[in-house]
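Each of the two complexes below includes chain A, the first together with chain B, the second together with chain C.
Then we have the complex of A and B:
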């Protein structure tokens, strides 16, 4: 899996801060006090990096508890269950939402969008 | 960051997303932007981009970089390499190079895709100058090859710098220095001066390593040689691109003269090896005193040498082959020419003395030797005449010598004067056909006895050598014996036979003379005289034969008459015993076999002599035949009988038959008388007076033998006939087996001696039996003693018969 990323992706993921808290949305306090904060911090850093390199490619927001996330990317959506489970299991708790976007959705978009355009499934808005 | 509240962080996330992204251009965006600017004409036409497409440069910058790169490369670089180095398309490089060359005014050249600066060509010129100074001669082709430039560029470069940076002469693509030319001429001059044998100019230059010197302008070896010859620095000649030094010509002439003086001759073939290409003319000019022959020129001293050899041979009564005296390898015709100039021969010919004879081209035979050989040839002719005549005398059934067909050489060897081959063979092989000598050459024998049956032509005409020539055979059969003899003898003196004989006399003459013809020519020279001698010898032999034959016939006649009388005398003795038939038959048979046979032999010999008389043969041979007649086998007589005339042949056959088988002496006597009459003899009847006289002579002879006889059996065989004469007054031939019968017959008339005679006979028989036994018994020894004791009495008894003979009693005589 690791071999499939390009060097840019690898460089990008290295700059995203790693998470330390082991908690989920059901762990109310630990989640809100630590884990959610770390998630937001890494997302902010990743978005800043993208902005700096003129490669901003998504927007994301959550509810107040951080239990529901929504956003938009420039094209497609990502499945983060089975396909990326080995990666997450291996890097738990360090990888968060930002890492999932960087390592999962971004390469997928880069591979699939040109194909879909070629097939005529999506069209560029002019 | 942990100090921030959750809300702050969410607000920070929202604000971070709300910030505008930094705008950054990629290389591709930039390339597209530049292309767009070019399309819009905002950048002008002089902008070029590199082959990678990431760099842009102006044409001025490219030109500058090109020149710098060429300078860095040493003043010469190819455009392809430059395009690679600068990362600019080669088209742009070529355009800028062309523009740069135009603007350089000769300082920069573009040659076959390469940019070459003037400084590079200056360097090339300096290197050429260095090579020129080092080697003296440089080929522009080599320079072009060395610097990988075309020859035109090199030529123009060198030409432009001649006299400035390059010091030499350029001619026909060859650059050389004056010193180099002087060096070459000096080397060639040295080589020519040092040459001791002819050498081709090309070979000389090759050996000097100057193969290319011939191409040097202004260099010509012929002109150089002429120049050196004119200056006197060289001695020799230069013809057909070959230098011949004078020392070589002098050495050749010296060798030619040395050979001539040493060997006395020089062959024209050899003259070429001495440098005299014209051969004969050259040698004649060189040796005016020499004698020009077909193969070479000869010194007059050679003739002196030949003269000396001839004189020696003539003084030794010998012969000489002048080719052995003349220089070797001369032709036979040359030797003949030399002989014709010989003083020894010409003196003799001028004087007419002919001390020598010139034969077989190159041989000289002294007259003395020639006379000796002629004598031998004449002797051979005489022997041939004798042997031929002897051969003709042989009966037809007798064989010719060498019936198996010996080789001509061996036959000739037998023809030596001491042993005539035909005479020898006639002794050795008497039963073969002498005519088969000539037939033997074709490997067959044919009895000529058939001719005897014809009677009309009894002559044993020899067959011709060739069976094919029947006409020749017929002609020969008509020849006289003398002619046949001459022909046969002439064969023994054929040219080939005589040649072989000459080689036997003078073995050293083999292979002598031109084409080994000496023996042949000598034989041809000897033959006419030898044939004349043969004629003479044959005539002499036939003439002498007639007289001798007469004497022989007279002897035979006398002997035959005597034997006839003895036959009758002994026959009458036999008749006295006719009462005892068995004894009578045995006595007659013995008489016929002994006396009758002898008489028959004599009569046949007489007939043979008559026959030879008719054939004209020599008496000497006939005598020889007669002497051996008594021992001649019956087969020869039969053959002779077949050759005799018909009447004589019939009588002779009857007489021989009678002698061989008859037991009646009177019948046999009649046949023999008929045979004698056929030969013209008249047999006389034996009268009583003559018979008495004969008996008396016979008696005397027996008594003389008896007196000297000491052997008892032999004495008895002599005594009994004597006693028979005493009793019967008849002579008798008593064979051993009839002794007892005669003794018993005599015992009645011998009174008291009868017992003695019979006892003596018994003792003789006993003694002979004893001697026949393997061991000597005592009784045999006793018998011998008794016989020795009684032998004197027997002699006395036999001797006393003499008186009885003198006064014979009257007895019945059947005759």
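Then we have the complex of A and C:
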């Protein structure tokens, strides 16, 4: 939950633009014209911020409807169920995909990757 | 234009194919039942034990065209038609014209399907993507020898034997996937894109699937009943959702019936949930009782019934729709509702909403699980009765303190969607993570 993020993550999430549209993909027009644009803008901004701090850690693109997103990161999978629902409910509609990556996948990777390397499950590619 | 016509034509064909595939499952089950009847091999275990005497009793019955009220041992409907003579139901036979969709054929859905089948429902559409497993055997309905079959195929096989009068469609489908969503909606729709079912029963075990059913039912303006059993197997609930009239599933966070452990309606990966055939059977019974009351128009349909088995406690309440629901379609349907309809929906509401909270808070009520929730005006009037609480913080109205000047942060004016997608692609492809990642 909120208390468990490190100060770096908290700083990072503050810099990602917040969203204002509450539309979902089923709202076709409002989704296309507002929410999806906002999702894209906040993602672009987040990637730019990461590049500035030399911590560029993921790629992401979507299909043209914005209903299917794919990309790459250093392994892992975001848990968006039990831990995220309360946070998302509180911050709807302001948090988007970029915030999920920042608060979910990034801390997960930071915690798990060193552990996995330590266990020999993955190796550093030189 | 021609391309559009072709696409519409393809969609039409796809729609017909998926419906026909569902009907095929029903026909296959019917055919297999007939074959077994012909060679006398129905119910093999029982007939092996008592060959001669048992065979006579076991033969699956033939199709009935109408429901007879005649009181004879051979009439499968005599006890149901008696409901009419006793003045409970005015026209029981109306059930033959009803079509019900059941989503999720697990511990609750399969039992609900059997109950409706035995009641002589006109037709059932069954949705599930899972297979029968031995781990399901602590529940009712499925049998060990059905392990490995899809739940829809196993269910149609059993149900057609119980009552050949019911038209069955089995749809092996995950409704929460992108394609599954569209197909689910297509299957529920008729040729004019209106709902072709009288009622949808939600018997799923996760939040995403409930939100999917909510969305489709809002789009089709279709009444549905939601059901759930807690992960600790000792409490559950059923809820009536009428688009624009009662709260939709997105209007307020899911409620939790107090039982010691939160349900949260959220499935946790890798954590094995407990289940009991008793609790699931009770919830299925409450659910189908509600369904019968709605379909045959008798009794009162309480909008929300909770069940706490440890205390034998049934909290009830009504759930008004949230005027600032996050689902825009819900808001639209609310405003298109004539006021008279809104007033007549909650027969049991007055009693429950006015009941005082217990001083000692035995049920661990959390009307406002987070401090912010208390300030939400949409829900202030919807105090929860004892034994119920929200599983998530209540949604903030837009422009809350979370983002006082969100508009400033987000540039809504330009560029176009295509420009932005291109920008993201460029940012992503020049990402050095790309070269590191593999």
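Following the convention adopted for this analysis, the second predicted complex is superposed on the first by the 126 of 126 C-alpha atoms of A that agree within 3 Å, B and C clash if a C-alpha of one lies under 4 Å from a C-alpha of the other, contacts with A are read in each partner's own complex, and residues count from 1 in each chain.
Rule of thumb we're sticking to: a residue touches a chain if its C-beta (ideal position, glycine included) is under 8 Å from a C-beta of that chain, and two chains touch if they have at least 3 such contacts.
Just so we're clear, the structure is a prediction, and the values are computed from it rather than from any experiment.
A.B. asks: Which term applies to chain B and chain C once both are placed on chain A by superposition, clash or fit?
C.D. replies: clash
A.B. asks: Quick one: classify A:40 as touching chain B (first), chain C (second), both or neither.
C.D. replies: A:40 contacts both chain B and chain C.
A.B. asks: Quick check for you: in the superposed arrangement, does A:32 touch first (chain B), second (chain C), both or neither?
C.D. replies: Both partners, chain B and chain C.
A.B. asks: Does chain A have more residues touched by chain B or by chain C?
C.D. replies: C
A.B. asks: Scan A:125 for contacts with chain B and chain C and give back first, second, both or neither.
C.D. replies: Once the two structures are laid over each other on A, A:125 reaches chain C alone.
A.B. asks: Identify the partner contact of A:23: answer first if only chain B is touched, second if only chain C is, both if each is, neither if none is.
C.D. replies: After superposing on A, A:23 lies in contact with chain C but is clear of chain B.
A.B. asks: Let me test your reading of the model: by the given contact rule, A:48 touches which partner, first (chain B), second (chain C), both or neither?
C.D. replies: both
A.B. asks: What is the contact status of A:56 with respect to chain B (first) and chain C (second): first, second, both, or neither?
C.D. replies: both
A.B. asks: Among 2-10, 506-514 or 632-640, which stretch of chain B shows C-alpha clashes with chain C in the combined arrangement?
C.D. replies: Clashes occur only in 2-10.
A.B. asks: Do chain B and chain C touch any of the same residues on chain A, and if so, which?
C.D. replies: Touching chain B and chain C on chain A: residues 32, 34, 36-37, 40-41, 43-44, 47-48, 51, 56, 59-62, 64.
A.B. asks: Give the list of chain A residues in touch with chain B in this complex.
C.D. replies: 32, 34, 36-37, 40-41, 43-44, 47-48, 50-56, 59-62, 64, 66
A.B. asks: In their shared complex, at which residues does chain C touch chain A?
C.D. replies: Answer in residue numbers: 178, 207, 215, 219, 253, 264, 266-269, 326-329, 370, 372, 392-396, 398, 402-403, 406-407, 409-412, 417, 420-421, 423-425, 427-429, 431-434, 436-438.
A.B. asks: Which bits of chain A are touching chain C when the two form their complex?
C.D. replies: Those residues of chain A that touch chain C are 17-20, 22-24, 26-27, 30, 32-34, 36-38, 40-44, 47-48, 51, 56-62, 64, 67-68, 71-74, 79, 81-82, 85-86, 89-94, 125.
A.B. asks: Looking at the complex, which residues from chain B come into contact with chain A?
C.D. replies: Those in contact with chain A are residues 1-2, 4, 6-7, 9-10, 12-14, 16-17, 19-24.
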